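Consider the two complexes below, in which subunit A is the common component and subunit B and subunit C are the respective partners.
Here is the complex of A and B:
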């Protein structure tokens, strides 16, 4: 029982981490919380679902389609809604309100056009559980965990080893200095959103397989935001650690205490965390700019 | 006739909540995604008082306001003391709104998710109108007081305001409590208008509506949000569109306002005869070849 809860918690945590990465990437560059990310994840899940069910394509193809689709949507989002504000150097509160608007708009657009049906992915991972030290572990949980950790590690390598990754890291420290050194900011912001969207698509597909696909599934991403805050917004390792911690705590709370207080628990945890450790576990403390 | 009467009563009730929120979001510059929770608290407190304990209506409304104010202290004390960033605070209010709803759904005195039917009908259009006027007038005085000037200073530049000796925590807390009490009042009026309340009525959709109205109306104006919330309620009623299209429009309005006119419909202006005549004067000057703003 304990081991099973542990693996379930870790796999949920892995999906949270995948989603939290998107928040953190955008935050590290633009210093605002992109609340529209949850909607991009939801749309990614829809794309993945329709590829696999309407076109009868294989699971890897639907995963790739969801990743590409979500990345493009994220790019469209920044080009249409955010870039006028970024160019005007608006306060981050305005960007946040715009992000809220985008998320309300897209979510309800899906509601109006596709309806509030719950779509279930066809069976991809075998239902039969693996026996491991006497407890049942589902292959879905295990592959979600492995997939998210591997892809986040790949992102980490990209940020460390490549020239583009270095530029992103430089911009996250100081945008003005980075652009003085010849980094094209408009392009960089586009690339960051592409990356965030791609991770959102990946997370969306796994989320859809686990909890089905429906318009308000973006609500779960509020948890991912909490995970990013716990780990420290803007920090990649922080997103992973925050995601895993939150996934584990939530699963243990709902198994051993009560599942109705699970969400209240997560939200009160974020308040406690913000009060005690405003920068999160791994984040830099951001001074107010004068 | 009854129908128009009803729409107008709802507009008056929502004006109370929106104007309260405009003090918090518009004038103090903090973004809330959970103000529906204060409406819920006010609605349930006053409805329980009049329904189970037969407390007079006005007293019940007042107690609902006080309750919402007290709960806002619980939310505000840790979050505002820690001087959370705007977006952190927003997510905290989002969580707070959800927590309040979950609690209301699980308490026995609120009868859980089934809701509270059979509340007496006290909120008629004149009553709602009087309260709306009263709150707008109070808020205007509030903003023009020393406190209001401090709040605007905090919104414009919190660091500079702190340097000038303004206690950020006190100003933010006061405007949170004020907005929560207005929300509580609106909730109480709402409960005694509909005669039935349910936790589902106070979801984040309602919070979104209130915040969108403040942003669209103008962050820094009282009459702007009043105008915006009236349009937000009246236009869908006139067009008879489904509830979901209404939300699509809210989202789009938020984005368009932020991209094209971040200061909202009214900007920092107030709708008054003076202001309207000034616009006309400006236009005539423009026609004469002067450089307009």
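Here is the complex of A and C:
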């Protein structure tokens, strides 16, 4: 029971972390909470679902489709909705409000075009659970966990080892100086949104498999936002640690205490963190912001 | 190499540069002196493509000057901004490599890095340290070094001696001469007027957004008005 709860908690935490990465990447560069990210995740889930159910393609293809689709949607989002504001150097509050507008718009587009059905992914991971030290561990949980950790680690390597990754970290500290160094900020912001969207697509598919696909599923990303705050907004290791902590706590609370208190618990956490440790666990100023 | 004519720059309604005209020829060291708020940094940021002029023209190497920062950088105009603006969250080495962001000549980048470490041995010792943990003088060297990593055609230095002790200041000015000897054109804005005029081929005096005097570095050093305003020399009232 304990081991099973642990793996479930970690896998939910992994999905939270995947979602939180998108928030953190955008926050670190543009200093605003991109509340449209949840909608991008939702759309990624729809793309993944339709690829697998309508076109009968395999799960890997659906995952790739969702990742590419969500990445492109995130790029469209920044080009159409945020760029005019960024070019005018608007305060980040305006960007945040625009993001909320984008999110409401897209959600309602889905209502109008696809309706409010709940779509369930076809069975991808066999029900038969893996036996591990006498505990049942679901292959879905395990692969969600592995996928999130591996992809986030790859992002981490990209950010610290490559020239482009270094430029993203540099720009997260000082965009003007980055442009003095020859970084085309418009392009760099586009790349950051592509990355955030790609992670959103990945998260969307796993979220869809776990909880079904529906227009308001993006609101689960509130949890990812909490994770990002706990870890320190803008910090990549923070997003991972925050996600895992939140996933574990939630799962243990709902298994060992009560599942109704679970959300009260996570939202109280964010308040406590904002009051006591507003920069989160990893959000120190000299630390890397991405 | 660089011809600025009747440049006007505004911050909203604040008129920061008024009909400024300056010229920098290839291989020169040109100094801009001026008190606080004279508009030195405004001129530098405009030349670097970050600020845009409202009127006037800037001709760079016989072409209109690129008005976007990353294009100016690509064209070889490299600004080492006032207060250094290092990336505190990156290591010294990463900061230097950001200077080489647009370059693809990996071998030459390595050589330049070695050259910079010979110029500033302290940076070699600090190479894996976060730039935010360097002392002020070390940061200034790192900022100049990052500018050099871009292989500038013209290097714009905005108050490189700001906040430095006399020893560090001397070292920075020696470095400027050495860089210039390697065929890099230099435009220098300074409040430390004596040193800056001594090394200048030509110089301009900027006062509340206007060029009020220009001439060779030596001439300006001898100029009574300059001596009084910027060199702390007292002239008896006539």
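The rule we apply is simple: the second predicted complex is superposed on the first by the 284 of 290 C-alpha atoms of A that agree within 3 Å, B and C clash if a C-alpha of one lies under 4 Å from a C-alpha of the other, contacts with A are read in each partner's own complex, and residues count from 1 in each chain.
By definition in this document, a residue touches a chain if its C-beta (ideal position, glycine included) is under 8 Å from a C-beta of that chain, and two chains touch if they have at least 3 such contacts.
The model shown is predicted, which means the values in this text are computed figures rather than measured ones.
**Student:** Quick check on the superposed pair: does A:152 touch subunit B, subunit C, both, or neither? Answer first, second, both or neither.
**Tutor:** A:152 sits against neither subunit B nor subunit C.
**Student:** Touch test for A:100: subunit B only (first), subunit C only (second), both, or neither?
**Tutor:** So A:100 only meets subunit B here.
**Student:** Output check: A:12 vs subunit B and subunit C. Expected answer is one of first, second, both, neither. What do you get?
**Tutor:** Neither: A:12 stays clear of subunit B and subunit C.
**Student:** First (subunit B), second (subunit C), both or neither: which does A:185 touch?
**Tutor:** Touch partner of A:185: subunit C, not subunit B.
**Student:** Once chain A of both complexes is superposed, is A:267 in touch with subunit B (first), subunit C (second), both, or neither?
**Tutor:** Touch status of A:267: first partner only.
**Student:** So, A:21: does it touch subunit B (first), subunit C (second), both, or neither?
**Tutor:** neither
**Student:** Return first, second, both or neither, reflecting whether A:108 touches subunit B, subunit C, both chains, or no partner chain.
**Tutor:** A:108 sits against subunit B, while subunit C stays out of touch.
**Student:** Name the chain, either subunit B or subunit C, that contacts more residues of subunit A.
**Tutor:** Counted on subunit A, the partner with more touching residues turns out to be B.
**Student:** Overlap the subunit B and subunit C contact sets on subunit A and report the shared residues.
**Tutor:** 286, 288
**Student:** Hey, which residues of subunit A end up touching subunit B in the complex?
**Tutor:** Those in contact with subunit B are residues 32-33, 81, 84-85, 90, 92-98, 100-109, 111-112, 222, 225-226, 229, 260-261, 263-264, 266-268, 270-272, 274-275, 278, 286, 288, 290.
**Student:** Of all residues in subunit B, which touch subunit A in the complex?
**Tutor:** Those in contact with subunit A are residues 29, 31, 33, 78-79, 81-82, 84-88, 90-92, 94-96, 98-99, 102-103, 106, 158-160, 208, 211-212, 215, 242, 244-245, 247-248, 250-255, 258-259, 262.
**Student:** Quick one: in the complex, what on subunit A touches subunit C?
**Tutor:** 163, 166-167, 169-170, 172-174, 176-185, 286-289
**Student:** For subunit C, which residues count as touching subunit A in their complex?
**Tutor:** Residues 48-50, 68-70, 73-74, 78-79, 81, 85, 87-90, 94-95, 97-99, 101-102, 130, 132-133, 146, 150 of subunit C touch subunit A in their complex.
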